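Chain naming follows the written order as A, B, C and D, and within any one chain the residues start at number 1.
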Amino acid sequence: MARARLRDLGIKLGRLPTGPLNAITDVAGVEVGHSTLIRDTPAVVRTGVTMIWPHRDIFSDYCFAGFHSFNGNGEMTGTTWLAEQGLLSAPIGITCTHCVGVVRDAICSYAAGKGIKQAFHLPVVAETHDGWLSDAETFPVTEAMAHEALERAKAGPVAEGSVGGGTGMICHEFKGGIGTSSRVAAEAGERFTVGVLVQANYGARDLLRVDGVPVGREITHDIVPGHRAPFNADGSIIVILATDAPLLPIQCQRLARRATTGLAWAGGIGANGSGDIFLAFSTGNRVKNNAPHADVRMLGAERMTLLFRAAAEATEEAIINALTAAETMTGFQGRTLHALPLDRLQQVMAKYRPAPS
Amino acid sequence: MARARLRDLGIKLGRLPTGPLNAITDVAGVEVGHSTLIRDTPAVVRTGVTMIWPHRDIFSDYCFAGFHSFNGNGEMTGTTWLAEQGLLSAPIGITCTHCVGVVRDAICSYAAGKGIKQAFHLPVVAETHDGWLSDAETFPVTEAMAHEALERAKAGPVAEGSVGGGTGMICHEFKGGIGTSSRVAAEAGERFTVGVLVQANYGARDLLRVDGVPVGREITHDIVPGHRAPFNADGSIIVILATDAPLLPIQCQRLARRATTGLAWAGGIGANGSGDIFLAFSTGNRVKNNAPHADVRMLGAERMTLLFRAAAEATEEAIINALTAAETMTGFQGRTLHALPLDRLQQVMAKYRPAPS
Amino acid sequence: MARARLRDLGIKLGRLPTGPLNAITDVAGVEVGHSTLIRDTPAVVRTGVTMIWPHRDIFSDYCFAGFHSFNGNGEMTGTTWLAEQGLLSAPIGITCTHCVGVVRDAICSYAAGKGIKQAFHLPVVAETHDGWLSDAETFPVTEAMAHEALERAKAGPVAEGSVGGGTGMICHEFKGGIGTSSRVAAEAGERFTVGVLVQANYGARDLLRVDGVPVGREITHDIVPGHRAPFNADGSIIVILATDAPLLPIQCQRLARRATTGLAWAGGIGANGSGDIFLAFSTGNRVKNNAPHADVRMLGAERMTLLFRAAAEATEEAIINALTAAETMTGFQGRTLHALPLDRLQQVMAKYRPAPS
Amino acid sequence: MARARLRDLGIKLGRLPTGPLNAITDVAGVEVGHSTLIRDTPAVVRTGVTMIWPHRDIFSDYCFAGFHSFNGNGEMTGTTWLAEQGLLSAPIGITCTHCVGVVRDAICSYAAGKGIKQAFHLPVVAETHDGWLSDAETFPVTEAMAHEALERAKAGPVAEGSVGGGTGMICHEFKGGIGTSSRVAAEAGERFTVGVLVQANYGARDLLRVDGVPVGREITHDIVPGHRAPFNADGSIIVILATDAPLLPIQCQRLARRATTGLAWAGGIGANGSGDIFLAFSTGNRVKNNAPHADVRMLGAERMTLLFRAAAEATEEAIINALTAAETMTGFQGRTLHALPLDRLQQVMAKYRPAPS
């Protein structure tokens, strides 16, 4: 069966409408690029880089942003600056654990190569570990791959599953990777979009739920032969949330924290070994580098609730989209990781969701 | 239909076994006491105080503890000290918003009255707001009530629903209040208990779920006449987690943060107006006040995962227990808040949970 | 010798100019009120309450604010809300440790009494402990005193030393209390004021410095007979920083953190038992309660440096002003705490500060 | 005049005794290594890497650690893990801003090369920016340099000034770099050492103080011709604190925060552009990777005060040692940065410090 997005399977999550693409790129200006590396010699490698541009002027027109670490057993660079200033000043990278450094420096060198006049950069690069399917100790990601992902980035639909940073990932003991989704929050005559992109590499099988249905209890390892829990089912997930709502840095922190809700709905519990780290940025305000002051808009506190629901729903669906998009993969040491079987998913959903009476 | 605990209705949540009482008091030494105030003159008051003793020597034998604010639109005193030292040195109070202060000072005066020799106290007292059912601006809680709750505290079963601090509370637009639950985490030949007590006063109806089943979508306001969303469905929830696992302060912080998972499973999204603040303490280590050093035990990091699951499951079930225990209440300005109808709950659960095949 | 402010003694601190009052009230709109309780029967009490209004409309027109806990062995209520929303929505109280609660609730009851239409309040009330000079276990502060301090608040010069919340305080083992100072930060054609008010109750004698001069090493206990270290020289300090610069919440957090610099200059090291907790608010933006959005101004990041220097200088001078203003006091159990001898201070400063050559 | 350590100039800071080396290596097991790169072709480079081993078994026997960001305009990787677990599991690197990534990954590759069996690493690497003296956009630091610094590390005296990561640094507008110092805290029959190493690259001239003496006001740019403020005098400082006192993670956080005091004493105000980030680790407890539990010791809270003083004093002196050790350097674009003139320093100290009477 060909891979699909969750909604293509007739399964809807949540109450709020999606944006036209049901992707992080529904937030105007956001662009996503992947660089994927799949090779068997000299080492078996399944890895890559995903880059997210909040907008193309990000090196000079900063966005407000904030992060939350639900479980910090992972790396996200740039967080002390986010905590201090709440400003995002470079594109965001996601890659494998051992390659965070090269990707982080590569964003600096990309800016230098483009003649960006700035003393230094403090980019945000996050990771999840792909060492079960990929020979991570070969440190396969290069500066060129990071630059490629930056250059390839574009608006429009986002490739999901085993691409970019998500190439070698595992989620609820199925093949995981990149997933995306979005929601539209319309209230008081205004419409804001919340878009989410995840690199999903976490979770125990039996905790997986789709719209509350205990999919992971039904599609056990026995049902799909060869499915085995790699490692200790800990893993990690990086969630990037974008919105065009005009938020202040402290509000971006709040929004980032709400990825926890969507992750919990999908079955994440912040297991010990998991690096569950979330970043939210707002394109609704721009702050010029070095401006003496900036006039900015702040969404009223009461109106955050709808954004929080949007963030939770889009995070949940982005995770499931990673699962429905990713294909079965064989990698390092001949290991095979099976994809979530879509027909089984549909059967389980039907079993637990009564027909409207 | 008489009120009940969730399991009495034949509904189970989660995978881990409960402790014998399925209550926070399954953690040895923990005692809970309520002082409840329901009166109609001179003002209509539905309020109270709930006190939790980690153990009876807490004024001199401190526990490690940590807190997490998922959404900080509420009050929990004592948090700067928790963040600094990670030590809990007094019983914990929960009450209504406008009475946090009197209860906080009352813990100090209780200690003074008992001849506790200590320069000062920094007790933890948290709150949720009961102003829809209770005339909160009469500031009804007294020092005597706080002392009464401290004195009445005992081990054994814990009264749930509209008692103590939970008396006037609202949860998912049903009558809310106090709920409790516990889980046993057994691994590597050791058994630890995680017990949870909540004061549940949050949530939108349509988000309520029980074991993933969308109960809140099914039991709408139309079905139960007179159910109306009071306020803006924001509310708040305080979660107190106790464990006998030997945790360090930083590990208590981690455990506290996991209440988010259980809250999300029940349908909490950390709405803007909600004070969703969690405290976890460990009775597995004791630190004598003023000791020059202490020898303490730390649970291995890998073993935290099972505790995290226990915390999530017990939080979810404690919330639902608050709903199934609380009875319909009429209060301030003649307002009535309906209880979750238990027969309807059972019907909905049956509808969404296929019979074992 | 009559008590004085530091500058009246011919001693200047720092480089930036002060505001006209050299007080927190140099920030337009800020008002300060004290209620002082000194009595010898039925118990010996030396205590009080100090209230700070950011402006008189604070219950409906919120200010951005942020806090920092340098050493959290103390209490400041309202911090979870500050961390979440960054909004200050009530006047700020400072009092003694055991009376934080009554003062906190009293701000709520004050608002209720004034007919403020708001579901609840989460006021900020902080404390330092006066138990050496005052019989703290009598819980002497009343709701009426808190209301009195609110009512008495006014613009103009601020009473310093042993007044209000500072009445029974100890600083560097001299008599401490309330002190204030301000600085003007002028840059790029704009002038902003940073005003500071401290309740100073911390510190070891030998660490006290004034403009770098080791005053505490020179004015030892031997020189002033009867000076003895009460308790363990731990104590606490609360620092409230006000500015009219247009700051966002995250910038207020930054400003609050800079009180650490001024405290360190005066000789504070965040000793274990000290509650060194700082709050900064900005009157440069106002956010209407319940507004759907707000247009606000943000000072450019580069321009924060001058504010940081202003905050450090004003904090240092406010502490020294508390010392030079406070008079020798005899209190609980007949204990006497000596004031910093001003003539000795001048002699020491002259000894260490060479005449301009 | 040859460069020297501060105490060689007859100038003492603080009250507590130093360890035998007056260096971070006074903490048993700690080793420091530098790799320094000074070359003029193809680009003018003045940079390097400094590595600190808490002890040589750090990849399997973890230390407790904690960090504090006084001003987060900088990078320190590994902080989400430190915040979550409080465990340090790799040597610590310090380098230039644009090379944080390569050094971070190099620690991972070093471990892989040594056959360390671990799924992944989350090393701590921090930076300050050397772009005024070094052509930073050539990204000059290599994996080999990082490995070299790791291999060269040793106990004993630590090279200071323009070495390793400190090679191209600027401090208070003098030549800065690496500095180190230590203090012994003896109390209740026990002796603990606090050792500090800084990479000092921050500060405005006029704020520089040595033991309270306003050295920076006296040694102005006019006095030493050619001294000019590079950039905006913002810069950054990384402070690494080591102790053999048995601290828990939360206590390491407290100790790290106390570097603020020493920094303030030397004249740091956490200027906007400064990345003032501090890490403290304790060798007093070791936690085996993957152990089911660990028995650890916790220093009593009351005894932290002396450690805090030690941390403040050692941080202050380490900064001044960086200044007295670093030599005048000419670098990128022919710029020259002058060293602190030691004879002038002695003259100023004599002027402000009266002879004992």
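Methods note: a contact is a pair of C-beta atoms (placed from the backbone, for glycine too) under 8 Å apart; a residue touches a chain by one contact, two chains touch by 3 or more.
Small disclaimer: the values here were computed from a predicted structure and weren't measured.
S.K.: Select the chain at the greatest separation from subunit C, using centres from the mean of Cα atoms.
M.R.: It is A.
S.K.: Express in whole angstrom the distance between the two chain centres, defined as the mean CA positions of subunit A and subunit D.
M.R.: Result: the chain centres lie 35 Å from each other.
S.K.: For subunit A and subunit B, what's the span in angstrom between their mean Cα positions?
M.R.: The mean C-alpha positions of subunit A and subunit B differ by 33 Å.
S.K.: Provide the list of subunit B residues touching at least two other chains, using ranges where the numbers run on.
M.R.: 71, 84-85, 254, 301-303
S.K.: With chains as vertices joined when they touch, what's the shape: line, ring, star, complete or other?
M.R.: complete
S.K.: For subunit C, which residues are in contact with subunit B within the complex?
M.R.: Contact set of subunit C toward subunit B: 69, 71-85, 97-106, 108-109, 112, 119-122, 125, 129, 131, 136-137, 139, 231, 275, 277.
S.K.: Which residues of subunit B touch subunit D once you look at their complex with the stated criterion?
M.R.: For subunit B paired with subunit D, touching residues are 84-87, 188, 190, 246, 248-250, 254, 287, 290-303.
S.K.: Along subunit B, where are the residues that touch subunit A in the complex?
M.R.: Within the complex, subunit B touches subunit A at residues 15, 70-71, 206-207, 209, 211-214, 232, 234, 254, 257-258, 260-261, 264-265, 268-273, 301-305, 308-309, 312, 351-354.
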